[in-house]
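One chain, chain A, appears in both complexes that follow, with chain B as partner in the first and chain C in the second.
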Partner chain A sequence: MLQNALYFFLFISTMLFLFYKTKQHLLVLFFAGLLFMAFIQWRAIPLLLLNSLFAFYLAQKIADSTTRKNTFFILGIAALLVQLVLFKLFVFSEQSLTGFSFESLAFTLGFSFYTLQNIAYLFDVKIGRILPEEKALLYVVSASYFPKILCGPVVTFQQMKKHFIATPVFKEENLIAGINRFALGAFKKLVIADRLAPMTTAVFDSTDTFSGFTSLFAGLIFTLQVYFDFSGYVDMALGISRMFGITLPENFATPLGSLSITQFWRRWHITLMQWLTQYVYYPVSYWFRKNMFLSALFGIVITLLFSAFWHGLGLTFLLWAFCHIAYLTIELLAQKANFKLPKAITYFLTILAVSFANLFFRSPDFVTAKKITGEIFSLQSFWPSDWLSQFVAVFGRGAELNDLFNFYLSWTFALVFLLFENRINSRSNSEKFSVFWLATMILLILVFGIFSGGEQFIYSRF
Partner chain B sequence: MLKKTLILILIVVVAGFAVDRFFHFGLLHNLNLKATYVTEGKIATNVLVDGPCEPLFTIDPAYLQPKIGKTVYNLSLNHSDFADNFLHIHLYLKNNSAPQYLFLYATPESFDTRFNTFHPYRFAAYLEDSIVASTIADNDSVYAAWMKLPLLRYTYFGSQLTFPAFQGWKHWMENKETPYFVNGHQPHPSARSLENPLHFEVQLDEYGNKPEDASNKSFVWDKKREKYFRKILQIAQSKRIKVVVYESPGYSGILKTQANRKEVLQKIKNTAEEYQVPYWVFDSLPTGDKKINFICPLIMNSSASKEFMDTLALRINKLR
Partner chain C sequence: MERVEILRKIELVITDFFNLKNFVCAESTSAADIEGWNSFSHLPLMSKIEEAFSLRFSFIEITDFNTVGDIVNCIQKKLSGI
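Right after this comes the complex of A and B.
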């Protein structure tokens, strides 16, 4: 872990130097992408290159052809979707047979993310929103741009192109803002997310049965974990990118402070939701445009089902999507009936609903999900009969003082962060060099970070 | 920017050293850590017991001492392998007078890397000791690469060391002289003492399977485990300590399904005999036949532990 971090800093410094010092900045980014992939998994490189080049050439065919535009378009989208299905099937079968392992996903690293970019590119060229790119290198670099390759954010070619065609000019404020943002991401990942990870593992990867409250609480902890893990990655990606003078779109806007599920989806994984809205929701809604309610409802259903499929083929993802479909439908009906609840209650209900749905999202299989959620609806076994052994000891991974200390420490970090999230975020976006901010972040990471046996980024498996 | 960067580096380095000292001092004064307690040099025991959680939970010196008329200290630690045991014994012998006897727990599981492990963080405050450093390097190369760096040598295992460091400061301020578990025995977390018996049934076997479909997987003999097993015997004999290698009763319902258990037991016996060390196996005790006597296949509950210690005491008394 630490060794990797050292290599990584060396890699970034070298790439930054070359990026600003040479005239071939696109080539630098191209090789940076390849090197980055090779460092994590070199076997992922061929699929990335083949896919990007496939989308690149097909887009030209779509634009050039007068009679077979639709054929090329359908062929391209179908090929990409079939690949996505095959990839998800492969992951699903690997998981079912041998359990999840990152090694098994070696050649498909970042696949779900760059496939979305390729689909969007073909779609935009087809409807004439953009012209096809003429330089293959530019397109491939946009797909293989290393800060976003593992877990996004999801971007379109257009969003990336404007940065790549401009001549890079080194600006001190970009470097500082990038470092500030990167430090926050590392803090979120190493200090909070990886501290919470063993708590979720204790419930979801266990064969034991837990009380309903303990299970529901595990859903809440996973919600926090996935947020800090994923947003931590995105902060780091945005931070690194900013050092190169490239601004990637934001992916989160304090989602855990949402007062409704609708609001939650506007603030959570924003770039994926924007992609889904643009390329799934709008086309579906358009079909049912004669009835506003049906149009919204079908739009939601298909979009969330696509989102579930994008995450994986397991039944658990489908159930997760159904939960959100139900929540959004209820909200739609409540909105229609002009029904309102006090803010405190809607906040509590939103967090509860998201956490409950996440029980399915995190469960490794349907049997586990059934076991975990089953206890929640059992009147007899909802509350733990002994709080220390059946609740605190479960999440503390033991009932010894050290375990309890870790349990409370993790919670303190997570809650204090959420309480001051807006202030912390604005500090991390600052272009000013603050010794206090950086010293605090570095020391917190060095003292409280999890360095031994840290977790992989959750979204790098999708 | 350069000035600020230098100030930042200075702050991080100074604060890093300060926190490093905080950890170091705290860990060196935390008497609940066995490595620390043994280096205090306050244990003068006749019998030293070492091994993983099985002896930790089942051998209570307070119960055994009166029966054998000798002082006993339990040096065992949860999930520890032979390298872990070796370093604890090394630190013990470096700072205390040698005991008369060493009882070392060893089963086929002890030689298989799927069971127990080495915990480098237990020795983070003693990295200056060359034997500690070389054993860590031999067992955890990743940590070994970073253990020379101030602060990181402690915070690399922050989850395990932050609380003990704070606790150590508390012990120092309170001028504490004995650890929480005075004689080293730690009752199973669910049972407070032998007087508060624990009755459980085996839920899963050592491989994580249900007892009724207990696995027939074979044990895999690990050379490194063997190396540290031999090192323990050597270091003990160099101090003229009489060593007894032993295995406490296990739940026979599961043990009999393990394909090469007998062969591995024989191999342990042969290895011990190379040093003229006896290997005591208690598989004929009726304790092993009843599932209710066990928490897991190799750990007896408190009432069965008492029965076992009675038998062990008789055998120890015959040693004289």
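Right after this comes the complex of A and C.
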């Protein structure tokens, strides 16, 4: 872990130096992308390059053709979607036959993310929103830009292009802000998310049966884990990118403080939701926009089903999507009837609903999901009959001192963080160098971080 | 039709659509300024504006509007036949 961190530090420092000092910043970013991929998994490089070049050349065909515009467009979208379906099928079969194997999927690293960019590019060229790019290198760099390649944020070509065509100018404040943001991401991932991980594993990857409350609590812990894991990655991605003077879009806006599911989806994985709105929901709903309720309902269904498909083909993702479809429909009806609840109640209900849906999202298969959720609706087995053995020992993994310490420590960090999240976020975006901030982050990471056999980023498998 | 007239007419549509009170619309007004103007309500709202001005927005126009000023520009072009 520390050796990897050292390599990564050397890699970033060298790339930053070359990026600002040479006059070939695009080439530097291109090779940085390749090196980064090669470092993690070199087998992912061919698919990335082939798909990017495919989208690049097809976009030119779409723009140049007068009679076969639609044919080229449909061909391109179909080719990308078929690959996405095959990829998801492959993941699904890997999961159901042998359990998840990251190694066998290595050649598809980042695939779900850059495919979204390629689809958006073809779509935008087709409707005339943008002109096709003439420089292949520029397009490939935008797809292989290394800070975002693993888990996003989801971006469009035009969002990236404006940064890449500008001549890089080194600014100290970008470097400082980047380091500040990166430190926060590493803290979230190593200190909070990876400490919460064993607790979710204890429930979701176990063959035991748990009380309904314990299961629901595991859903809440997973909600926290996936938030700190994913937003931690995004913080690091945005931080590194900022060092290169490139501002990537934000992906989270304090989602765990949402007062409704509608609000939650505006604050959670924002760039994916924006992509789904622009490239799935709007093109379909445009045709029956006269009816507000139908249009909204259809939007909810189509967007969440596509989102479920994007995450994976399993029944568990479908059930996760159905939960959110039900929540959003209820909210839509409540809004129509002008029905309102006190804020404290809506906050509690929102986090509860998200955690419940996440029981499906996290479950490795349908049988586990059924077993875990089943007890929640049972009056007899909802509450643990013995709190020490059926609740504390489950998350404290046998209530050994080390694990109990981990249980209390991770919760304390997570809750304190959420309580002061806005203030911490604004501090992490500061362009001023602060010894206090950096020393605090580094100390917390060194003392409380999990370094041995660190957890894979959850979203790197999608 | 003058820009101000178009703006006032859009203001009426928005006021009615979101059931607002004392709403004053400016060219800089955007979805972020009005509670309830989100991706779900955006298309039906545009449909109401189309009805009010008896015209039709294209897909790209509807999805690229960022402010009310953008909508005014588009309507003015359409009404003057540009």
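Keep this in mind: the second predicted complex is superposed on the first by the 462 of 462 C-alpha atoms of A that agree within 3 Å, B and C clash if a C-alpha of one lies under 4 Å from a C-alpha of the other, contacts with A are read in each partner's own complex, and residues count from 1 in each chain.
Rule of thumb we're sticking to: a contact is a pair of C-beta atoms (placed from the backbone, for glycine too) under 8 Å apart; a residue touches a chain by one contact, two chains touch by 3 or more.
Everything quoted here is computed from the prediction, not taken from an experiment.
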{"item": "Partners on chain A (chain B, chain C) - clash or fit", "value": "fit"}
{"item": "Touching partner for A:299 - first (chain B), second (chain C), both, neither", "value": "second"}
{"item": "Chain C versus chain B, contacts on chain A by residue", "value": "B"}
{"item": "From chain A, separation angle of chain B and chain C (C-alpha centres, steps of 10 degrees)", "value": "160"}
{"item": "First (chain B), second (chain C), both or neither touched by A:207", "value": "first"}
{"item": "Which superposed partner A:60 touches (first chain B, second chain C, both, neither)", "value": "neither"}
{"item": "Touched partner set for A:405, first chain B, second chain C, both or neither", "value": "first"}
{"item": "Contacts of A:247 with chain B and chain C, given as first, second, both or neither", "value": "neither"}
{"item": "Chain B versus chain C as contact partner of A:390, first or second or both or neither", "value": "neither"}
{"item": "Partner chain(s) touched by A:41 [first = chain B, second = chain C, both, neither]", "value": "neither"}
{"item": "Contacts of A:449 with chain B and chain C, given as first, second, both or neither", "value": "first"}
{"item": "Chain C versus chain B - closest C-alpha approach in the superposed model, Å", "value": "38"}
{"item": "Footprint overlap on chain A, where chain B in one structure and chain C in the other make contact", "value": "none"}
{"item": "Complex interface listing, chain A residues touching chain C", "value": "127-129, 262, 266, 277-278, 281-283, 285-286, 289-292, 295-296, 299-300, 332"}
{"item": "Complex contacts: residues of chain A adjacent to chain B", "value": "1-3, 172, 176, 195, 207, 389, 393, 398-402, 405-406, 409, 433, 435, 438-439, 442-443, 446-452"}
{"item": "In the complex with chain A, residue positions of chain B that touch it", "value": "1, 4-5, 7-8, 11-12, 15-16, 19, 142-143, 145-146, 151-152, 155-160, 162-164, 166-167, 189-190, 204, 208"}
{"item": "Complex interface listing, chain C residues touching chain A", "value": "38-41, 43-44, 46-47, 59-60, 62-64"}
